[in-house]
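Shared between the two complexes below is chain A, which has chain B as its partner in the first and chain C in the second.
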Partner chain A sequence: MTARHRSWLTAALAIWALAPIALLLVRALVPSWRYPLLIPDSPALGVLWSADGRRLASAFGTSVALACLTGPVSAVLGFVIARGVARAGTSTRAFATAAALFPVIAPPIALGVGLQVVALQARVSGTLGGVWLAHLVPATGYLTLFAIGVLTAFDVSIEDEARTLGASRWQVLSRVTVPMLGPRLIEGIVLGGLVSWGQLAVSLVIGGGLVRTLPVELLALVRSGNDQHGALAALLLTLPPALALGVLQLGTRRTGAAL
Partner chain B sequence: MTRRNAPAATAAVLIALPACVGAAYSFLAAIGLAGPGARGFDLGPLVRVLTAWDIWRGAAWTVTTASVATVVASVLAALVAVSVRGDRLARLFAVLPLAVPHIAAALAALLMFGQSGFLSRLGFAMGVVSRPDEFPALVYDRAGASLIVAFAWKELPYLTLTALAVLATRTDELHDVARTLGATARQTFLRVTWPLLWRGMAPAALAAFAFLIGQYEMPSLLAPSDPMALSLVTYERSVDPNILRRGEAHVLSLMALAIALGVVIAHTRLRAASEPSST
Partner chain C sequence: MIAPPHGLALIDGRIPFGSGNGLEGITLAVSRGERLVLVGPSGVGKTSVLRAMAGLGALASGQILVDGADVTFAPPDARGIVYMHQTPSLFPHLSVIDNVAFPLEVRGLSRATARGHARALLDRVQLSPLADRRPDSLSGGQRHRVALARALAARPAALLLDEPFSSLDPSLRAEVRQSVLDLLADRSGPAVVLVTHDVDEAAVLADRVAVLLDRRIAQMGSPTEVLGAPRSVAIARFLGLTNVMHGHRDHQGQIECPLGRLSVPGPAGPVDLVCRPGAVRARPWCDDDRGLTGVVTAVVERVSGRMVVVRMHDQDVLASSVDARVTVRTQVSLDVEPVAVHVFESAT
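Moving on to the complex of A and B:
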């Protein structure tokens, strides 16, 4: 492929990736966009202080709270489960990996409908706690798969050496394992938070419309014809994953690893 | 079971437990033994779902749109990965949609492909259409055009990253050997790069396909109401005001979970077959 072709391809990819995001940005800034105007009227930022703006702020807070709770807990669960899996024989490891893949691949709506009955029995349906527990199911699956990959390459002989030198289990964990896995743990926490951040179907089914996360609010706004607030919600939803992706790109550039 | 394998087996049970408990409850609810409105053993919901022509049409439509989007995204990902391997900027653009949640991407597609959307306005500016209804219906359409493009847009980064990883780890040495033995660039691509890429990408493509079948966010904004995507019917039934119809949602969930389980098994086998040692 010539350099010219490569430039064309890069330009096409830029349009492919950026055009939808630019469209959301423009729509979030203008109250109305009459047909057939290609470029809309002047922007208005009053949207942020309207009643729908305040609804969005509340939904944003709920989603942040859920992501902040789901990320660390799913990361800890994922790493603890993966630790057992990484040391197992090939067939048991394959079985455990398939078990972790199941809640990841299972359709969220199907998972939600099944879990809804459990949530109703446990009286957590329609509560923030119930939605959080439901988010933990796919997030722990993702994190287990992630941690299996990390721990398969982890050199356990260093832990054994520390134990040989008299370190207790807690000392090995706090002074050897966690510091060595630190960056991967942080990535895992971010990944777990992002899995929770994008959940819609599970939040709808378990939350029963009472727990208003940002994706739930976005869907309600667009269905009620409020595209401007919907676009604003979409941008708010995109921001944290974009930041995470940027940080990851920066990290891979510094370490020379490929993303 | 050896002592070394016991924690792993326990872990496997722990991870799959919530999904399995949910599936078990769904099973009991599907036959009238659990859940709201349960009135004892009743195969009615199961029979109603399995004999409903609309459900089967919706299932076929769901599988078709997911299949087309997976094929489009896989081919594009392979082409992008082969073409932009060393280009950081192009790779950044290729993976950027990863950051956009599905529901946000669906709204962007609605604003882009709707009859009064951006493409329609562009058509007006170019003199191709003079009214919104002259622009083809690409949203809520039976062909699922905007949904397929949106699916492909969201899956392209994941499949591109997979293709790049396959190219980085499996093809360089074989590529060099083929070229040394006199193969042309085209022959090397068709006989070395493409087969390895295809085999390496197959598990990821299968996972993407399974994910798209269960997608709720994008169909909720882009899909037609007839035929109705499986995920939308499932949700509709699960909140049906007629509590007796909610059992049908559980039957549909079990169908979706059975598909997911089949994909997990196929994925595990494909992945084992595509390990470097076996290539």
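Moving on to the complex of A and C:
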């Protein structure tokens, strides 16, 4: 492939990735853009301060809070489970991997209905805590699979040697394992947060309409025909993943670690 | 065996290993400042012995003593035994000096004090100028020296080195081996158990050699004792005495074998004779030779020298030969060092 071909390919990929976002941006900021107008009306930021805009802001806050709670907790759970799995026998490892994979590959709506049974029993259905606990299920599944991959490449002999050098289990964890896995842990936290960020079916079923996350609000706006606010919600929904990708890429470039 | 009051002892250890019955009756005792080299073929369980002593591997039964104290059930960080993996496991997120200071910091020393001690140790391994570098910027030899300095920073009663030179290329081995000898020259230093499958390395490094074969310690003694007088054909073969011949001893103690007639007293019957290839030298046969003769069937070029396979009396003998006239199908005369031939009663 020549340099010219590569440039064309890069440009095509950039358009492929950015065109939908650009369209969302236009749709979110202009009141209308109907046939036969070639260009849309002039943008109006009033959409942000309307009643629906304020609802969106509240849903955005709820989703951020859920993602910020789910990311670290699912990362810790995922790494702890993966650690146990790594030290287990082959059959246990296969079973644990399958168990971690299930909430990832199960249809979200089926997972939501299943979790709703538990949430009702635990009297957390319709609460933010209930939705958070439900988000932890798929997020921990993803994180366990991610951590199994990370820990497979981690040389445990370094921990063994640290123990014989006089470090207690806690000191090995705090001074050796966590600092060494630091970049991977941060990636895991971001991944866990993103899994929570995109949950719709689980939030809808467990939240029961009382907990309004951004995807839930987006669905409501689209169903009511409010395309402008719907586009704004979709734009807000794509923002954190894009931001996370950029930050992780930056970290990769700085540390040389693989994304 | 009596455990030394200062040093390391493993008494009657039964160590699970692989899918079989594991190692049994393993007893090793090493005084402080002494270097015991555990040799054995690859996969015989040498690493399992070290890991069991360090508390990192299973010990089904037996006792481990460090400076006379029973540490059999103590956690690895409370045994006073440092285990060094064959590839130096330096902490990649710490600088060289912080790696060496690590054992001191985890014992509660302040960072400044620990770094001071670490710098002194780095001076001993001539790596002070690299103190602030990251481990990934060091060469293989430098990493080994840092790992050794870090191990000594822990002031262990015993130091276990698992194939410490196996990951180094031959040109670096001698350099790192010398560093190890220099650092461990102090007779008040730790008891050292070093594992290798390289007999030459064992001969250079060891005060005593223990041969691990067939799930047990087959022989233990000074390098001269073990290398000079192996106790069995299996040990001899492992030690590189690869010339194994068969003969028969009569009631007068005369042995008839491919090497001619040897006089070694012992019970009459079949015997096995073992010697290293270098103990037999081949030279071109000439008319007035009345000694041992044979025909060369193969020539083997080795780093240690040119070897030839000589067929005599239906048995093959590996001999050294520097004479270029000795080639395949030539008839040769053999000169043998009788003292280098070890005789064992044949098992069959």
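Please note the rule applied: the second predicted complex is superposed on the first by the 233 of 259 C-alpha atoms of A that agree within 3 Å, B and C clash if a C-alpha of one lies under 4 Å from a C-alpha of the other, contacts with A are read in each partner's own complex, and residues count from 1 in each chain.
Here, a contact is a pair of C-beta atoms (placed from the backbone, for glycine too) under 8 Å apart; a residue touches a chain by one contact, two chains touch by 3 or more.
For clarity, every value in this text was computed on a predicted model and none was experimentally measured.
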Exercise for the section: Identify whether chain B and chain C fit side by side or clash on chain A in the overlaid structures. Expected result: fit
Practice task
Scan A:167 for contacts with chain B and chain C and give back first, second, both or neither.
Solution key: second
Exercise for the section: Please indicate which partner A:54 is in contact with in the superposed arrangement: first for chain B, second for chain C, both, or neither. Expected result: neither
Exercise for the section: Quick one: classify A:155 as touching chain B (first), chain C (second), both or neither. Expected result: second
Exercise for the section: Scan A:245 for contacts with chain B and chain C and give back first, second, both or neither. Expected result: first
Handout entry: Touch count on chain A, higher of chain B and chain C
Key = B
Practice task
With the two complexes superposed on chain A, say which partner A:179 touches: chain B (first), chain C (second), both, or neither.
Solution key: second
Practice task
Report, in whole Å, the shortest distance between any C-alpha atom of chain B and any C-alpha atom of chain C after the two complexes are superposed.
Solution key: 11
Problem - Residues of chain A at both interfaces, chain B in one complex, chain C in the other - result: none
Completion exercise
The chain A residues in contact with chain B across the complex are 1, 5-6, 9-10, 13-14, 16-21, 23-24, 27, 35-38, 81-85, 87-89, 92-103, 105-118, 120, 136-137, 140-141, 144, 197-198, 200-201, 204-205, 215, 218-219, 222, 227, 230-231, 233-235, 237-238, 241-242, 244-245, 249, 253, 258-259
Completion exercise
Within their complex, chain B touches chain A through residues 1-2, 4-5, 7-16, 18-19, 21-26, 29, 34-36, 80, 83-84, 87-105, 107-112, 116, 118, 120-122, 124-125, 132, 153, 161, 164-165, 168, 207, 210-211, 213-217, 220-221, 230-231, 234-235, 238, 249-250, 252-254, 256-257, 259-261, 263-265, 267-268, 272
Problem - Residues on chain A engaged by chain C in the complex (per definition of touch) - result: 155, 157-158, 160-168, 171, 175-176, 179-180, 182
Exercise for the section: Please name which positions on chain C make contact with chain A in the complex. Expected result: 54-56, 75-77, 79, 81-85, 87, 89, 91-93, 102-103, 106-107, 150-151, 154, 156
